[in-house]
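Two complexes come next, and they have one chain in common, chain A, joined by chain B in the first and chain C in the second.
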Partner chain A sequence: MALTSVQSFYSPEDSKAVIELLDKHEDSALIVAGGTFLHGLVSRGLLSGIEALINIQKLGLNKIDISSDAINIGATTLLGQLKNCPEVKEQAWLGAIKDAMEYPPTQIMNSGTVGGSISSSCPFFDFPVSLLALDGNVQAEGSSGSRDIPLEEFFAGLFENSLGSNEFVTGVRIPVPAGSTTSAFIKMETNANDLAIINVAVCLSMSGTGDCEQARVFLGGGVGESPVRSPSAESALVGTKVDEEAIEKAGEAVLNDLDPLSDHRASAEYRKAMGKVLLKRALASAMQRLS
Partner chain B sequence: MKQIIELDINDEVHELAVEPYDSLLRTLRDKAGMQGTKKGCDSGGCGCCTVLVDGKAVYSCMTMVMSVEDKKITTVEGLPSEGELDPIQQAFIDAGAVQCGYCTCGIMMATKQLLTDNPKPTEEEIRKGISGNLCRCTGYQKIVEAIQLAAASY
Partner chain C sequence: MSTTNVIGKSITRPDAYDKVTGGKKYPVNYTLPGMLHMKILRSPYPHAKILSIDTSEAEKLKGVRAVLTPDEVPKKYFTPVYFVPYNAPSMVQDFILLSDTVRWAGQPVVAVAASSEDIAEQALELIDVEYEELPTVFDPEEAMKDGAPQLHEASPNNIAKNPSFEFGDMEAGFEDADHIFEGVYETQRAHTCYMEPRVCVADSDTDGRITIHSSMQHTFGLREKLAVALDIPESMVNVVKPTYIGGGFGGKLDIGFIEGLAALLSLKTGKPVRAEHSRGEDFISTTRNPIKVYLKTGVKKDGTYTARQIKSILDCGAHATHGSEVIMVHGLYGTFFPWKCPNQIWEGFTVYTNNMIGGGYRGYGAPQGCFAVESQNDEICETLDLDPIEFRLKNTHREGDPHPVLEGHKLASYKIEECLRQGAERIGFDKRQAAGSAEGVKKKGIGFAVHPLWVSGCVGFPDIYEHSGATVKLNRDGTADVISACVDLGSGQISMLTAVVAEELSLSADKVRIVYADTDTAPFDAPTHASRATYSAGLATKAAAVETKKRLFKAAAAVMEANADDLVLEDGKVMVKGVPESAVPMTDIIARAESPFIQVGEQGPAPTTIAEKGTIIGTASQAPPSNPSPVGAQFIEVEVDTDTGEIEVLRVVYSADVGQVIHPNSAEGQVEGGFQQGMGYALMENLQFDQETGACLSADFLDYKIPTAMEMPSNIESIFIDSHEPTGPYGGKSMSEMCLIVPAAAIANAVYNAIGVRITELPITPEKVLKALGKL
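The block that comes next holds the complex of A and B.
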């Protein structure tokens, strides 16, 4: 980690102080918490003008609040805290998050944060893809107040997002779905400590008669500059029982929406082939969870 | 611009001059003179630099030193107590779980958290517990055996 341009490291204790620092330093400030992806950003040459690091770990945002209509996860909640949250462990509709938390090694679970995973806006990460399937919102705070940004509108390309220059992420909010909902996530990786070759998250809402009323299908990990949604796969699922036949059709349909990248991890062709396989597995896993 | 900070390393307070961008790894090795913690990839990919912060294993190369000023840091130098090797260290010797040795300190620190949280892990739990640490020599078998041996005395 050679961020030698950094002159100051702040650990403010409330969000007002954070915003004042953001106003003061403008584009030369970077919000940090676990710092897990700092190196990743530095090595890609994305932090050359950074002079101030603003550590938000003292804001008391490392908590998970659960109400009847939403789960609010504070920005500095560690991935390990999320993994151990009883609702995440037990509820079928949060299955995609439970699955995503199975992959990182201990050291990342102990330092990586929910807010960092989102605001890094790295398309190769796992948690954001699971959160997209669950229709999560990003909570941001800035000098003009706080606002919720649907995660789908938050990502704006490779390492880019729609945050204003004096805004920072304070947490994420996941609406509790009505009725019978289930979700799942699967990642393909080269080893236990690598970014995804491709990953898939699905969320299915089923009616009382077992018909799929709503489907959300997202893929990440080298499929594009941001995670992508697959409306074709979703249409192939809605109205079906998500049985073997429907899963097969969704697997074919997802190919219409995939135009992945080729890089050192995998070729575009391989990613497409695996996107189909992983989607089918994730759908089967989500349905299994419901029964 | 250098700042003086106090760091609690292995239950001893060290006063150190650090840059605001320094990693915990660089601080431990180059400023506190404790070179048991190894620098491998320096980017969170290999686990050689694993230390405990408040008892939890983290990559010290990715940890900003300024963010752990009020935390307790444990390095491999802090594993022995009262002059006796920790059972984990003894088990790595007894099982012959070391070849070149470069990954060993990091793996022992990951093991420390694993056995503290789960004193009787299954083989699968052991392999998962050290999945953030790479060893390019041993093929992991002897390391897993060492952790099983250490678990027997935990």
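The block that comes next holds the complex of A and C.
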């Protein structure tokens, strides 16, 4: 199966041109970044009527900027570039991203982009779940200017997001947390080319006395139309030292917020059980990182 | 054993460079000018009657050149399996290219040829088919019940085949037993996942003759089945042998649909027609048949078998095709005869359902049998506290024993004891812990499985083609051309045939070429399947090289004025045995044999002799003399995460008696590739279907999971036991399928050793492990 209806392929060199093209072609235009997920969408018949492809690789968005208050990752930054970024490798608070970058196969690391990973709005991806835990924002640009969209508000269902009709993603922005923060991510997969059966990301901000001041817990994979947050697990953690007992309680608590799906890959029951196991492991790993 | 020049050394694979630079000779890269592209409209229903088909809109689409509907296809019902005659009495003739009844979701209904793939695809959307849905049945045991929906009129209760064997006295046998073990072992559908899709280009001449290129495992099988499907004489079809194909593993061992439909469309349009499966189409075109095995075994306290009762139910899907042979091989070589048991009964059922059609897959019924028998053997040893190695040896045949299936043949080379003992030693089997006794969340375990009887071809099986042939021709530049219809699936037949000819003709391997062959010009060869190519095609090619050598000696005798019987070939030179001064380079002899009769030299014209003239060529066509059994045992260490159920394979030792190893690197490749497929079968692979609509749920690699390099253990050790098969080419026999027969059983036993709980249904998914551990 192919995108038989495509008539034009554009490679604009600035955002303005992208927006104009999006305006001109409306629903029949599609942005292409690495093209790695496009293929899957096409072969499953999820894309039709596409007449124009807009390649955004020439906008100069493949860069990572680091300042004291935020990390800005351009939309066409390759997952592999992100993996090799020294901050991601070394900083405990970016641990969830470091972990998430361990999973995609090499081919995807070398061609899939950060913007594509987010814009696909697919709950089965890894990077978006780790970014949710880090309270990341999506930077979008459209005819009415640019705006930051908190990632939690960005996802709006399976393959759906809150981008306007002529908006596209230019990058993501992760605020640098104050104080002592750590994060971790774990994915369950069948083989190295798999999308998550279930995945979990946690981010913990600890006070000087070792108490958890803030916890963010997100799960992806077959958990719903979009990744889900677990307020129950978070409140089981806040105020504790995230010791074994707290971790155990958080593991129990996460079950309150999980209503996963049953499909040919795993039952809901199994996904729930794994939500608990993976959360406990992710918490232990995040704490380990801090020490 | 005599020393060899080429055999047993890993010659450079002649096809390697070509493949790593793009493999332009794969059939998928074959094109013809002006060719059309075919696409198939498939049924969305698993069981339905076609009431009407309207193709008028599709035919109006610009670029559409022809449309083919069921009423334009010859009404020929046949067996599409390549290695048996199309009308073999032991098989079922229920297959037809297009029918007005659909029996599985995905069955071809209409084929379209157009000037491009895109147009052909668009045309499919314009075809209007009216169906009347019929009741469906997906479970073979349900299908066998009275009142179940019937798929084929000729097969009451949907039973396509019901073979059985028996010997001894079952009642006495079970009475004699100190313990009786009973279990049910189930296996799933798995796809071979060949890399190159099924693809073909069919072209027709003005006289109605078809020439076809295709990615398949048997040139002559395709010729026969295509002729039947088109209802034309066999000689009206010429099948060009692909230089190599991108994998088959048994998945390209029957004609399927594309070749027949493309050929009919070529006849209709007068143009070449190309057809290529999408991966989704491949996934619903061939599969290992799921088999449910009911196994009951009686044993003495010391572990000696007294009786065994086996019932195997095979789901063949909508048509019997391979299912009627897989059940036999599964019964005979997968469960019944490998083990010594005085009283045995086996009954098999090949059952129609509205599932996809089954196919061939490396091991052909034996992985399912080995999983059942070796799982239960492990249970027996565990329960009775028996040494699992000694238990196996007590109940298996020994070297020199009569072949358990083939009357008049012996197990002449059969190093089962060495396989088991050397494998056990390498993995450290004596140090393994008691089942389930490992501490911690992640538990390690060691297990093994052996399969004591398998084949080197099909000698002894009813209705199966087995002969091979080849022609070997020497050129004046000292090279040899080999014409053989034996297809290289990627498993190294090119290297094997090259090595055999080089060895026999005392040439270096780079002087031998496997050249163009087609069914018009090459002698018949049975397919590359059944672990037979080295033994059967290897022997026939060796025989052809021997004929060539005879011819060389005849010419040399004239040139050298010697007696042909006294001549030997060494280092590329012909000489009188024991007289090195007599040596003449073989190129001189070949040049003389091919030269003009009167050669004009400095001294004027000089006639040569009539006796030396003529191309140095030899042909052989023969059936192999026997069917020696290889043996394979696999020892495996796994680690099971008891919180998630995930299984990691840490270490693999495979020890085998394959006779003389022809090409050591390829042999190790077979072990590793076989393990990868076996590990997938054991742990993750599963073609799944919606149980209401029959739609495939795992039609791409996002949903159909196979082990990647990342899941493979870094360490797969092969031990090839020193062995020499007296009837084989240079002492060789077979190896390919065994490498995939044992892994699932070995992994299951290792998992049991790790966690103390047994899983009897493949694949052993994390979820099943967790359930078995009572954690879900």
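The definition used in the following text is that the second predicted complex is superposed on the first by the 289 of 291 C-alpha atoms of A that agree within 3 Å, B and C clash if a C-alpha of one lies under 4 Å from a C-alpha of the other, contacts with A are read in each partner's own complex, and residues count from 1 in each chain.
In this section, contacts are C-beta pairs under 8 Å (C-beta built on N, C-alpha and C of every residue); 3 or more make two chains touch, one makes a residue touch a chain.
In this text the structure is predicted, and so the values were computed from the model without any measurement.
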Quiz item: In the superposed arrangement, which partner chain does A:35 touch: chain B (first), chain C (second), both, or neither?
Solution: first
Exercise. Kindly classify A:193 by the partners it touches after superposition: chain B alone (first), chain C alone (second), both, or neither?
Key: both
Practice problem: Once the structures are superposed on A, label A:6 by its partner contacts, choosing first (chain B), second (chain C), both or neither. | Solution: first
Practice problem: Identify the partner contact of A:15: answer first if only chain B is touched, second if only chain C is, both if each is, neither if none is. | Solution: neither
Quiz item: Is A:105 contacted by the first partner chain B, the second partner chain C, both or neither?
Solution: both
Exercise. On the superposed three-chain arrangement, identify whether chain B or chain C touches more chain A residues.
Key: B
Quiz item: After lining up the shared chain so the two structures overlap, which partner does A:55 touch, if you call chain B first and chain C second: first, second, both or neither?
Solution: first
Self-check item: Contacts of A:274 with chain B and chain C, given as first, second, both or neither
Solution: second
Exercise. Across the two complexes, find the residues of chain A that touch chain B and also touch chain C.
Key: 1-2, 4, 40, 43, 105, 192-194
Quiz prompt | chain C-facing residues of chain A, complex | solution = 1-2, 4, 40, 43-44, 105, 188, 190-195, 263-267, 269-270, 273-274, 277-278
Quiz item: Contact residues on chain C for chain A in the complex?
Solution: 117-118, 121-122, 278, 280, 643-644, 646, 684, 688, 697-698, 700-703, 705-711, 766-767, 770, 775-776
Quiz item: Once bound in the complex, which stretches of chain B touch chain A?
Solution: 1, 3, 19-21, 23, 26, 42-45, 47, 50, 53, 56-59, 61-64, 66-67, 110, 113-114, 129, 131-134
Quiz prompt | chain B partner contacts - residues on chain A that touch it in the complex | solution = 1-9, 11, 32, 34-36, 38-40, 43, 53, 55, 57, 80, 104-108, 110-111, 192-194
